[in-house]
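Just below is one structure, and these are the notes that go with it.
Which chain is which? They are A, B, C and D, in the order written, and residues in each are numbered from 1.
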Amino acid sequence: MSKKEYKTFDFELSLPYRLAYGPTWTRFFEGLQEEKIFGTKCHQCNRVLVPARSFCPQCFVDIDDWVQVSNEGTLVTWALISFEFYNQPKKPPYAAGLIKLDGADVSMFHLVDGFDMNDLDKVKETLPIGRRVKAVWSEEKKGHILDIKYFQPI
Amino acid sequence: MSKKEYKTFDFELSLPYRLAYGPTWTRFFEGLQEEKIFGTKCHQCNRVLVPARSFCPQCFVDIDDWVQVSNEGTLVTWALISFEFYNQPKKPPYAAGLIKLDGADVSMFHLVDGFDMNDLDKVKETLPIGRRVKAVWSEEKKGHILDIKYFQPI
Amino acid sequence: MGRPVAIIGTGQTKHGNRRDVSYPELVREAVKAAFEDSGITPKDIDGVVSGTMPSMMEGIGMTQFYLGDAMAAVGKPILKTETCGSTGMSIAHTAYYWVCSGEADMVLAVGHEKMREGESQAVMSSCFDPFYQKYFTSGAPGIFAMQCQDWATRYNIPEEKVRDAAALLSVINRDNALDNPYAHIKRKVTVEDVKKSPIISYPIRLLDVCPNSDGTCAVIFASEEKAKKIGTKAAWVKGVAYRGEEYNFGDGDKVEWQSAIQCAKQAYEQAGITHPRKELDLVEIYNPFTFQELLIFECFGFSERGKACDDILNGFYNRDGELPCDRSGGVLCTNPIGAAGLIRVAEAAMQVTGKAQDRQVEGARLALSHALGGVMQFNGLMILGSEL
Amino acid sequence: MGRPVAIIGTGQTKHGNRRDVSYPELVREAVKAAFEDSGITPKDIDGVVSGTMPSMMEGIGMTQFYLGDAMAAVGKPILKTETCGSTGMSIAHTAYYWVCSGEADMVLAVGHEKMREGESQAVMSSCFDPFYQKYFTSGAPGIFAMQCQDWATRYNIPEEKVRDAAALLSVINRDNALDNPYAHIKRKVTVEDVKKSPIISYPIRLLDVCPNSDGTCAVIFASEEKAKKIGTKAAWVKGVAYRGEEYNFGDGDKVEWQSAIQCAKQAYEQAGITHPRKELDLVEIYNPFTFQELLIFECFGFSERGKACDDILNGFYNRDGELPCDRSGGVLCTNPIGAAGLIRVAEAAMQVTGKAQDRQVEGARLALSHALGGVMQFNGLMILGSEL
């Protein structure tokens, strides 16, 4: 590789979007505004899928059997995010986890928070796999996935 | 299609970039800063390619035979852009054209300007195919394709 | 050509402004329709090919995994193919090669776009390098206007004649779309309406230009054995070709348009076609711009050089003419861009299997479908026949 | 399987920070090398397959036309395939299907990325839907950390043992990279260095993670007839498989990882492999994270469930062990992401043809190459052998 430094072209690309939720996700996210977590149940494999969806990814059948699942569940796994990157949605350290809510057959991806994240050993102690957690709601709700502020160990 | 209006999710995606010119384009764009338009000549098909490049797209051989071509040339075709769109590089109406510079074997894509664009008939009269044009240089040059401000009919 | 491959079913969404559904739901609408049309189920599929132009149209950089569930791809192999405007045709080609290879017996091809979720011209501009060409392409209309002027000058076609022919072609496409239940723009217009519509990029006017559509098309490709076992009427792939050109717009000649000419040549050879003007029963040209379709008629050998305008004015390409063009209404009336090329394939398949309903060309046995992409850098074809 | 297909040549750039060349020039460097290695010229090629992960990495939405010239695609058909991290493998699969179909006799496959031109983690985050998963994936390390914790818990592997095994795997890969002239990161480290490096996402530390690289890999696929005519030593494709899973990360099980398990099962069947641990001579695993590679060893049946740590600690995967892993240094030392999967294929091909120079595994006759992509949603394999 040459030592000579050639020119670079620096620019920022910015594009606006307006994405449609459609009926199923509209209803799911409106549910969050009311502090309710909805799944839909597949009549073929009998699984309750959370977040709610309009069809089962495994059976490929329409599903429209709405089920409210618990705001509490079990921590399946988690990660402590300690590194920073451009456009990151949250400032590290923070934890993301998979939570299997009571009444659901699949796990929900979300943040795990509500305790000090700065000491790794403390985090590990606080978050054994299988730890019970519950949803903590944001005060201002926008029909957004972050209406659930995070899941907190109970 | 349902009449019900469902939610939409609005966001802006913004990403920064730093692209490398490499040696050939660095030299080509530095040439523009000196009001010189460079091509490179392929020793296999004998074409002078403008803008300069490091290989011939048809023969796939390295080329490094630098040739300064004229700042004047012939208008091969053009379009008057009358519609607006998001992130557009210039406010319409403006004209883009293909210009075959004297000494080059391919055409260069650039703006054609330097006269009133608001009257289509006038534009058509001013820009018969084959019209001679010459480069008009920007006062402040940055080693950028717009160091050539535009090509103007002569 | 390798082993025979058939299209055994197609599905389309109602195209247009589909803010009523999410992107995955829009995609699944067409996939379900294709399964219904072919009489098979997701279990029967060995692989999925997907594509958009480009993924960034909807702000989601890797649609094949966001949309994988909706394409019944769970537990299956999936490929995503994107080649600008010709994406839909490249999806069909990839699916065809896959079945032809013997590595899969049934492949689901899905082209999708929700153009109304992003700023389409700005997204398309992001496809270019920022050093040079990005400043001048100015969305699609600019470069197509240049191609048109170059063509008309080269063949000394009077401006008025080109204008009349393009306007009539717009009317023909728009009339055709009225018979197509999936079409986006369904509005009757006159030649005068076209000629008086606002200028977008001279000589292109508003009614010479396609809309921005949301839509999805799904097509199921099958081996001979599977197609015969399923037993529904199949469209057989007779010719497949694709050609690229140089990246720099000024390098190539877009009138003696090599990617179009060479790609047609190869597809005709494969299909055993020596007189396309006579032998083809209909064509589904990728026609986002009226003028460009006229030039394509010439590059593909349907019309003699400089004579496409005469042919269109003489009714040659009418629905009851000798070579009906875009009986679906074409891209001009419906442009979910990543799907648009695959819609051409699907419409051609529907025609040669007698499934085109109100837009059926009677006795259609051999149909050409087409797409193009890049700064007029790519052309692709698939020729379909009613017999193996 | 369809007709036999061979790899007759490969080319790689020096990977790393390649700000010294433009993106097209970087791509052409590997393409030229592949032509030189195979002894053919661009004229001999019937088609080109290209891909990145995703195009937006470098801010140019449709790389296949920006880079078409550099891939010798002028006048030829080109396909672009993008499937997240597994892009490089999907490029190889597409090229393989194309040659296998009989529609092409020689296809050039090119995987390319100039990761250092954009903000890679931000670009990768743009691959997700903005409604839901985008907030939580947090680049790649987060989800891989979750997978690791899930795995270690499920099989009751002590934290210290997992940590030691992963650290040793990092050392093995990094030592291997020292022999690879194309590798990006070439620095000797100790187990202690790895264990003391900064935490990225517990349990993942800096030296458990791949770099951001600029680089390109090119591979030429040929039919049996062409390969024999050219006469250079060829690597033969013995098995090809790919599997997808659900889009939602929480839907699937990433320990009993179905896309990995099922895809290996199919590739082994095709290749006639019943005991991969014994029959394979080396493996090129797509290993951006040490821990994940350990789990993959188990999913692919090289190590028993929960025993990969023991195997690595016992030297089984060492360069002179029973199954050398990533003798190239792997993705861990070189990650131009759209190229990385294809580099695995190229390295496997070099090994079974005896072209791997300082990193040659002696007597290598059967090699497995792998890539994965999505939120651990896709796995793809290609098995190569020295004999037809």
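Some notes on this structure:
As a convention for this text, contacts are C-beta pairs under 8 Å (C-beta built on N, C-alpha and C of every residue); 3 or more make two chains touch, one makes a residue touch a chain.
Note that the structure is predicted; figures quoted are calculated from it, not measured.
Taking the CA centroid of subunit A as reference, the farthest chain centroid is that of B. One inter-chain figure worth recording: subunit A and subunit B are separated by 46 Å, centre to centre, where each centre is the mean of the chain's CA atoms.
Here the spacing of subunit B and subunit C, counted between their Cα centres, is 29 Å.
Remark: subunit C and subunit D have CA centroids separated by 34 Å (rounded to whole angstrom). The set of subunit D residues touching two or more other chains comprises 18-20, 56, 59, 69, 74-75, 119, 122-123, 126, 129-131, 246-248. In subunit A, 2, 4, 6, 8-9, 11, 13, 15-23, 25, 29, 57-58, 86-87 are the positions where the chain touches two or more neighbouring chains simultaneously. Taken as a contact graph, with one node per protein chain and an edge wherever two chains touch, the assembly is complete, since every chain touches every other chain. Of all the residues in subunit B, the ones that touch subunit C in their complex are 1-2, 4-6, 8, 11, 13, 17, 19, 21, 25, 29, 49-51, 57-58, 76-83, 85-90, 96-100, 106-111, 120, 123-124, 129, 145-146. Across the complex, subunit A meets subunit B through its residues 2, 4, 6-23, 25-26, 29-30, 86-87, 143.
Subunit D contributes residues 14, 16-20, 59, 119, 121-122, 125, 129-139, 141-143, 145-147, 149-150, 153, 198-202, 246-251 to its touches with subunit A in the complex. Note for the complex: subunit B touches subunit D at residues 9, 11, 13, 15-25, 53-55, 57-58, 60. The residues of subunit D lying in touch with subunit C in their complex are 1-3, 47-48, 53-56, 59-62, 64-69, 73-84, 90, 93-94, 96-98, 100-103, 123-124, 126-130, 240-248, 258, 262, 373-375, 377-378, 380.
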